[in-house]
Each structure stands twice: as C-alpha cells, then as structure tokens.
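My questions all concern the structure below.
In this document, chain identifiers A, B and C correspond to the written order of the chains, with residue numbering beginning at 1 in each.
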Amino acid sequence: MAMLLMASAFMLMIAYACYSVYFYGGRWVSNPHNPRITSGKQSVIMGSITDRDGTVLAYTDEDGERRYNRNQETRLAVSQVVGDSGGKVSTGAETFHAQYMLGFRASVLERIGDALTGTPQRGDDIRLTVSERLSRYIGEVFPEGKRGAVVVLNYKTNEVLAMVSMPQFDPTDMDEALSDEQAGALINRATQGLYPPGSVFKIVTMASALQNLPDLDNFAFDCTGYYPVGSYNVTDASAHGVQTLTEAFVHSCNTTFAAISQDLGYERLGKTAEEMGFNENFLFGDMIVYNSSYPIDNLSPEDLAWSSIGQGRVLTTPMHMALIAAAVASGGVMHEPKLIADITTAQGGSRKLPSSDEGWRVMPATVAKTIEQAMIRTVKSGTGTRAALGNGYVVAGKTGSAEASDDKDVLSHAWFVGYITNDNAPYAVCVLVENGGSGGGVAAPVARKTLQKAINLGL
Amino acid sequence: MTQAWYQVLSMSFGYLGACIIALIVLLSARKVLSDSALWRRVKKGTPQSGAAGVLRVISAGNRRLPAGTEISVPYEGTMGASHSCDMCIPYRRVHMRSAFFWVEPGQLHIVPLHKDGFLVDDVPMGPGDEAVLRGGTILRVGDLKMALELDTRTESHLPAEPYVTSARRTKAQQGRGEGIGAPGKGEMRREKKREEKREKEQTKKGGKPLKKERARR
Amino acid sequence: MARNEQDTAKRRRAVRVGEDGAADARYKKAKEPRARQPAKKESAKKEPIKKEGTKRAAKAASARETPYKPASSPKSAAKAEASRAKSASKTQAASPRRARYAGDGMGKAIAPKEAPKASRREQKDRQKREAARRDRARAVSRAADAKVTMIALLTAVFEALGLLLATANGAGEQIGICFLMVPVGLLMTMAMPRVLPIDPLIMALTNFLCGVGVVVLCTVSPARGVRQAEFYMLGLVGMIVISEIVLHMRRFHGLALLSMLLGIAALILPLAFGEWQNGAKNWVEVPFFGSFQPSELVKLSLVLSLAYYFSTHRTVFQMMPAILFAAACLGLLMLQRDLGTALIYYLTTLAMFYVACGNMPLTLIGLCGGAGAAVVGYKMFAHVKVRVAMWRNPWSDPLDKGYQIIQALLAIGSGGLFGVGLGQGTPEQIPMYYNDFIFAVICEQLGLVFGLLVLAVYLMLIWRGATLITRSRRSFEMLLGCGVLVMLGVQTVMIVGGVIKMLPLTGVTMPFLSYGGSSLTSCLALMGILHGVGARARDNMEEDILFSKPAREA
C-alpha cells in the first residue's frame, strides 16, 4: 500500500508539473524577474513588433539598440500594449512576448540554419492585432486629463483592435514615466485596472434573471425612487414608475435590479457571474488580465443588492467587460482575446501559435438575444443615446456610472460597453473614464467616435 | 567550434536525451514485467515455494480438519483460527490469533500468545514460551493432532530434539503444566452444550449426526 | 506484501515435490512420449528451440562461451523449465502412488514413502546432473538480458556525449576522470551481476541517474562534476560491501545495536563541532575527507535498526528500542534545524511501522502526532513560516525570500519541452542550483519531458524494488527493502514537489542527482541494501528452480 501511495504521489507530481508548466510556463518565461530575458538580449537580436497594418512599433537597430516608432503620438498610443525594453511594464509585449522575440522557441533546425550562414541569432517578429491609427485616434478623443481605458475588440475574430490606457508614457523617455509614478502610466488600465462596474453589471444580473426567473414577460415593477433592502435604501436618480425588465434595463433602474437580486438570491446570481468569468483566473495566452471579483459569501441582503447593480465589492477590468459585450454580440459565447496576429521567424517562416479556442458558452442564445434587444433600446432611447451611429449602423450598449467613493463630490467612473450589431462592422467596445461623471454623458461619445473611426478605417 | 554550432549540438542533445530516457523507461518497464513473469512461472513450478513445510493432520479435530489435511507453513507469520492468519487452523480450541512463528534452518519456532493448550510432543506451551519444533514433531490440541513436516531444504544439523523453554519443561515434569494450557471447567461445559445443540439441529435437518467430539480429559 | 505471497502459498496446499518424487516422476515420464514444448514466438525468433531436454546439457557445454549461459535464450529456457516442472507435477498427480498427497488429501491414510534404490553410478550421474541444473538455475536468474544491456549502452551513450559536450563547453581537460564513469557503469551493469549480489536493472537505472547528475554538473560547474564522479566510485564500493553484508550476514542483532549507537553519535557530531550553514547545523568537518553530513549516513542505520526490531518483535513494546532510536534521531535533527531530513526519517519510520504490523490506529495516531509537531514547528520556527508563505505565494517577495523558488520556476518554464540545451541558459541564477535545485537545472537544460521522465525512472526503480521485496521470505528483508524504497520515494517527492511549487520547500537533496558526497554515497549504500535483498530473492528463486525441476537429461 505504501508503494501504491508513493506511486500515486509521483503521478500527482508529474500531473501537477504538466499542469503548471502548460498554464503558467509562458508566464514564468515572460516574468520580468527572469534573468534569461536580459541575458538573452545581449546574445540575440530581438525581433520587431508591428501593428496589424505593418507599421513598425518597436525594432532593434544595427547597433543592437532597441528603437521605437518615430512618431511620438504613436509611441504614446501603443505604449501600454508594446511596453518598454526595461521590463518596467511587465504586461507589455516587449516583456510578455520576449520569449518569441528572443528566439527561445527556435527549433534546432532553425539554429542549424543560423550556424550554417554564420549570422548571429535573430528572434521572431511579432505582428500585433492592434491598430496604431485607431489607438492614436482614441488618444485624441479621450477626455483631456482624465484617466481611463478603451478596449476595442472584433467579436468575430476575437482580435484586440485597440487597447489604450490613459495616461500614457513614452518608452524612449522612461525617466519621466518613472519619476511620476503617482500618475500610474505604467499600469495598463484595460487589463490591470480593477474598477466597480456600476450599471454595466446589470447585463450579468439580467442574464441571470432571464435564465432563472419564470414568467418575466408579465414582470412589472413600480419604481418609486428607492427600494428598502434590510436597513438600507437602494436609491435611484428619479422614480421611473411601473416598467418591465427591459425598460428597467434601458433606463438603468437600480431599484428594479435590486429587487430582482433579492428574488434571485446570492447563489444563482453568483453562479451566473462566475460563468461570465468573475472570480476566474484568466489564463489567456496573449495577455495578462487581472481577475475580476464578485462576492459569493452571502454577507447580507444589502450586499447582494449592491452587487447586483455593480457596486459594493464587485470589481472588474475594462477588458473583461468588453469580453462580456462581445459574448452578448456573438450569441452568448465568450472567446479568448487575441493580441498576436502572427509571428514570423528570422528565416521568414511563420511560427505556429497555439490554436484559438472554441469559446465557452456563458449564456443561452435566447438570453443573449433578449439582452441585445434591451441594449439596442438603451442606445436608441435610453441612457446611451449619445453612442448612436448613423448610416444604418445599429449600436447596442449599456452605460454605467459607478460610484467610486462615498464622497459625493468625487465624480463616478463613467462606463460604456457596447458593440455594433451589423455584420460588416463587428466591433465591440468598452470605455472607462475614471471619475469622468455619467456614463451616458462622458463615455458614450468616446465610444461613438471610436466605433465610427473603426468603421472608417475598415479594420 | 563556434558558439552557434555548440548551441545546435546541445539542443540536439536535448532531443536525443529525451529519446534515450524514454527508451530506458520503456525497457525497464518491460524488464520488470518479464522478470515478474519469470518469477510467476518459477512459482508455478514449485508448489512449495514460499512455504517451509506443512502441518499434516493425523487425527481429525473436526469436519473441517479431516485427517490428511495439509496446512502449509510459511517462513514466518501468525498462526490461529482466523483466516487472516498466515497459518490457519480452523479448530474451536485454537484462538483466533494464537501464536506467531518463524522458521529457521530445520526448525520451526513458535511463540504462543494465548493459553489454548497446545502440546508439543506432550509438553504444554503457554503464552510467551518459545517452542522449537523439528520435522516430525507432533503438535496436539484437544483431539487435533498434527505432524510437522519441514522441507528438506530447510533441514540442517543443528538442534537435536524439540523443546519448549526450559522453565516450561520443568513444570511439565512436575506434573503441574498440564493444567495451564487446558480450558477451564465452565468453558468445557459451555462447549459441550454448544456441541449438543448443533448435533440436534443437524439431526432435525436429517443430515448425518456429527461424530461426538470427546473432550480432552 | 510478503503476507500476500504466503497467503497464495497457503491456499495452494499442494503436493510436495521431493527428490524421491522427482526420480519417480522421471520414471513415469520416460514411458510417455516426450511432449514438445511450444516455444513462444518472440523467443523462437531469437533462437528457435528444436528439442527439449535431451541435448540441452551437451549444448550448454559446447555451444556457449560462458558456462553459466543457458542453452537457449534465458527467457525461453526459463519458460521451458517452468512448463516442464508443470508437466512433472501433473504426472505426479496422475500417478496413483502420489495421489494421496495430491489435492486436499481428504481422509487419506498416510503411508511410508519408498525411496527408489540407486546404484553408485546412478548416484554419480545424479550428482553431475545436480551440478548442471544448478548452473542452469543460476543462468536463468542471473542472465544479463538484452533489455538491461540496452539500458546500459544507452546510458553509456548519454554519458559519453554529454561529457563531450561539457568538454566543448569549456570544462576542458579537468573532467577527464568523469569519462571513467562510462566503462565503470558498463562493467557494473553488464558483468558484475554475475559475480556480485547486484540486481542488474536497479544497477542500470541507478547508474543512469548518477550519470545524468554528473553530466549536468559537469556543464554548469565542472569542479563539482568531477567530485561527484569520484564520490560515485566511492559509493559503488560502499554499495557492493553493503550488499554482500545483507546477502551473507545471518544475525543482525549486533549490527543493529552497533548502528544505533553509531547513528546517535554521528548525529551529535555536527551539534558539537559543526557550524551553522543556511540556517542548519548539519555539516561536520572531517580531516582527509572534507565536510560531510552525518544525517545522510544515519539513514542506513535507521533502516537497519527499524527493520531488525520491527521484524523480530511483534508487540509495540518490544519494538520500542527502534522507535526510541528513531525518536532520538528526530530530536537531534530538530536540534540541527534540519527539518527536511527529519521529515524523511519520520515518514520512513511510520511507513515501516505500518508495513511491519499493519496497525492502522497506531499509525494514524503517529501521523496525527506528526501533523501536530508540524503545526508546532510552524509556530515555533520563523523560517518554516517563511517557507510556507513562499510556497503559497512566492511572487509576494520575488527578490528576497521567494527568489529561489521563483528562479526555479522561471528556469523550468524557460526550458520548454526539450530544453535550451546542455550548458545553455542561466541556471546559476538559482541559489543551490547544483544541490537541491538540480531538478530545475535539468528541466531547463534538457527539457520538461526529460525532467518528467527522470521521475518515471525513479518510479521504475521503486517498482522494481517493490517486486524484489515481495519475493523475500523474511519480513526482515522485506522491511529493509521497504524502508529503502520509502526513503527514496519520499525524498524525491519532497524535493521535486518543492521545486515545482507543489509542496513547501524542504531542503533535502535529490537522490543520485544532487551534488553532495554524503548524499550520493548514502543513496548508493541504500541501494546496496536493496541489491542484497534482491540477491537473496534471486538465490531463493534459484533454489526453487533447482528444487522443482527433476533432472531428466540422462
């Protein structure tokens, strides 16, 4: 028996090693503490990074120095995605994908080629999915002096078209960025910034209600402006009167959703939230996305009510919300976002990337359809009218104004999450403006401009 | 040799090493299996392997132990009425876990753990004694008589005759020893009753009546 | 485990095959038409067996260059032997005179045996046949077969190429002595098992593991590689001595007592004369030898004394001397702050106790006690707390306390599936890379696949050991081997688990691979015990073969 125990311990160990190397191996390599990256840079010519149109964002010149795009605006716009050569931004491609650019994944055949020609080893070139022009435009239209993030996804191909975090930094002038660490320019807010989602979270609550509560068609709730839960009142800006669930969604009625959350209970709402990726360890191959958190410890009914409208202890990243919007757009199936378009080896061949996932269903297609209708109405006649596009493009969206502080003078975080429903422009967007004010007023126009630009660019 | 060529060589050595070690693992697994198969074949060919000899029942104790039954004696282990014992003697007078024993060249050492009245060539043994048995020794408890036959392989020239530790032997000579191993009067009575009951049931069923078992004294 | 074996033997209650019976069977057999033994396909491929028995002896004498080799390939010979024995016992069962011993022997009377009379010439013939059979039995059980030869050759190739690479990498002339490992390994695996009590497979696998260790050390730290190779030779001598002792010694009482005394004394040494190193005081300087770690060598005496006391005594009270010795060792190791080794000792003791008496409640109590001690240790020692915290999240302090484990993980991740190549990468970044963290170095340089297969090799070693100890007839041998295997397995699991962040890190060496004279020597010595136990099992098997086969060459 002792032997059996030992054999199983060995098997467990082997399995654990496989598991952890499979899921975390890439992260370990791209860790900024890995001395192999710095030592690799000395012996290997690092490959270049280009955007989806082929614009070179970072490259190594003849002297072995790392250079970036000549245009400062471009440098700034993609600074978070590309990162810096010193590894200060650990989530940037310069560090996170260094294993390709330094040729760690080169096979022995390629090395024989190098040895035959006598050239020094050169790493792979990476082409990112982000568009430098779109990113630059977003930097221009983003509210002046505000912090925040914008993510644009193509929900058909799951490519990240733009990932901009404000404020930005210049990789050629790291001293400035480092001197002003308070500004937090080195953090990619799109993937690492954890914010309360506010009303945007109602997409999740609504999905849970549609899946779990019977006869919602006959549902009607009389909003009087406040709803007592336990010892607190969940308040609303104004009394919306009697309305259906969709109307409540369109008007972003807090009291209705607080009431629904009490019907749902913490278990069912928590289950839906976790299906949507809350509390989940995102192990995406192309980028590091911090874990969103949703409280499932059933603290009190008040806590549940606050959670259901995205306040309290619910925290999420703009990238995650963009993924949820993309999931609604693609009929309830969530996909892993892609940041690398392709990798070209030094010899000109292309390296095989891990195959893209099949996606995982986060809600039934019918539920996604209903939510889409509600989101379209939100942009048409609800809180998100300022995100509407002309020319026959139908935008579905949801605004959010998440209170970040108990202090009433501090402006709320402005959210807008949405996508274009048209097949010829499958773009999903998530805009977050830190302390920007109301989502409909501040974030929605940014989203509209961004989507319009994406259509114009024809990405 | 240039650095690049060294890198190529060392990387190919990595692939070669993986192949070598995979082969080694496979080969060793096959070797272990084939060796186990050889071992099993050898064991099939030698019915007595793993056993040092047999205890042959000479006079029957009960129906489960008719005369001629052979109880194989392993090299060491426990002896008792329980099936979990290495040497199982399913007889009512034998305790579930009666003794432990081991075999040394030509001799079987038994150390009883209970008073179940074993006689080694008519010398009783009690708990804690060490009895040394040679091939041919008669082991008796109640009506059950068993002769020990040890393998010729395990025989040697060492001990002259079987013994039960010296203290025990003096007791036996003084005539006091007999009582110690024997069951008490109450126990005898209870056992008699049990036997009668069983016999009645047996006759009711219409089966053959059991041969009445004589008490030892 | 031994019990199972005995159980099956018990259930069989089968016929006794004696020398007289054998003669009888031969007589019966001569009358019957000789049955041709169906040879299995694979053995037939190698060397088809045409005729059984008759010409075997002559063939064995003439066609073979060595007297020990069987007439056909060892496998087929064994098969033939076994099946012949089977048919022999069948004949006996059919023979009316033997029938009284067959089956259950229900209600049969006992009749005296009749021994057939034999003339002097017949006796002489019989003696000759005896000798021939003994030789064949030895040949069957000791034959070096193709698989082990293959393993030895592969190991030699690996070592030779690896050392050549190391030389090219800049280790240069100084590792010349390491090349000696190649012929020594071949010799030990292929030739020595014939004359020494050595199990070929265990030897081959041990040799391979040591070879991997030396090759990797030679590339990252040539001086250490050379020293490791020297200690390998020393360890082989120790291994042979110990295996001979285990095979030939009959009474272990004195040795057990002596080893207990010596063990305690050796563990006190570092406390008295040692220096604090890396938070532990487990090293001691010895003139002419350098520093060594007594706790490694005391493993031997622990296994020996535990096996002795647990096998000869059946009650817990009688086992006390060994348990007290183990407890004393644990206490001294705690004083040395060598908690990893203490854990190995503790788990080995517990496992051996359970195997010896199967007393689940007491074992569980011991386990709970250990868990309690672990909690107390966690509360008491600050560095244990740090290690557990670093196990849970090493990224919280990546530059100081979590540095070692993080660097190990980065190395494993950077290696990829097939490694960056021998001598490449930067394994020197990991503190103690040559010692506790050699697994990470192997994973980086030779790849994850190689690393995991190294674990599989350990598993094979343990599997082979387990099959050997189940064959032993004495619980002493069984416990001895069991202790060795548990120690080997626990140590490997602890350190590899620690390196891949599955378990909290405990500072123990990786058996055979890690640099360290005491560690390597003690591991080889422990293997010596296993060899001895295996050799006893092998002798038993030879005896069985001899015993079961009636001579039919005449």
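Basically, a contact is a pair of C-beta atoms (placed from the backbone, for glycine too) under 8 Å apart; a residue touches a chain by one contact, two chains touch by 3 or more.
These numbers were taken from a predicted model, which means no experiment stands behind them.
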item: Most centrally placed chain, judged by C-alpha centres; value: C
item: Most remote chain, CA-based centroid, reference being chain B; value: A
item: Chain pair with more C-beta contacts, A-B versus A-C; value: A-C
item: Distance from the mean Cα position of chain C to that of chain B, given in whole angstrom; value: 28
item: CA centroid of chain A to CA centroid of chain C, Å; value: 55
item: Centre-of-Cα separation between chain B and chain A, whole angstrom; value: 72
item: Multi-chain contact sites of chain B, meaning residues that touch two or more partners; value: 7, 11, 15
item: Where chain C touches two or more other chains, by residue; value: 420, 456, 463
item: Contacting residues of chain A [partner chain C, same complex]; value: 1-3, 6-7, 9-10, 12-14, 16-18, 20-21, 24-29, 31, 33-36, 39, 99, 104-105
item: Chain A partner contacts - residues on chain C that touch it in the complex; value: 1, 351, 354-355, 398-399, 406-407, 409-410, 412-414, 416, 420, 425-426, 429, 448, 451-452, 455-456, 458-459, 462-463, 466, 482, 485-486, 489-490, 492-493, 496-497, 500-502
item: In the complex with chain C, residue positions of chain B that touch it; value: 1, 6-7, 9-11, 13-18, 20-25, 27-32, 34-36, 38-39, 41-51, 54, 56, 58, 66-72, 74-77, 86-88, 100, 149, 151-153
item: For the chain B and chain A complex, residues of the former touching the latter; value: 2, 4-5, 7-8, 11-12, 15
item: Chain C - residues contacting chain B, complex; value: 3, 5-10, 12-19, 75, 78-79, 81-86, 89, 100-101, 104-110, 140, 145, 147-148, 150-151, 154-155, 157-158, 161-162, 165, 168-169, 201, 204-205, 208, 314, 418-424, 445-447, 449-450, 453-454, 456-457, 460, 463-464, 467, 471, 473-475, 540-541, 543-545, 547-549
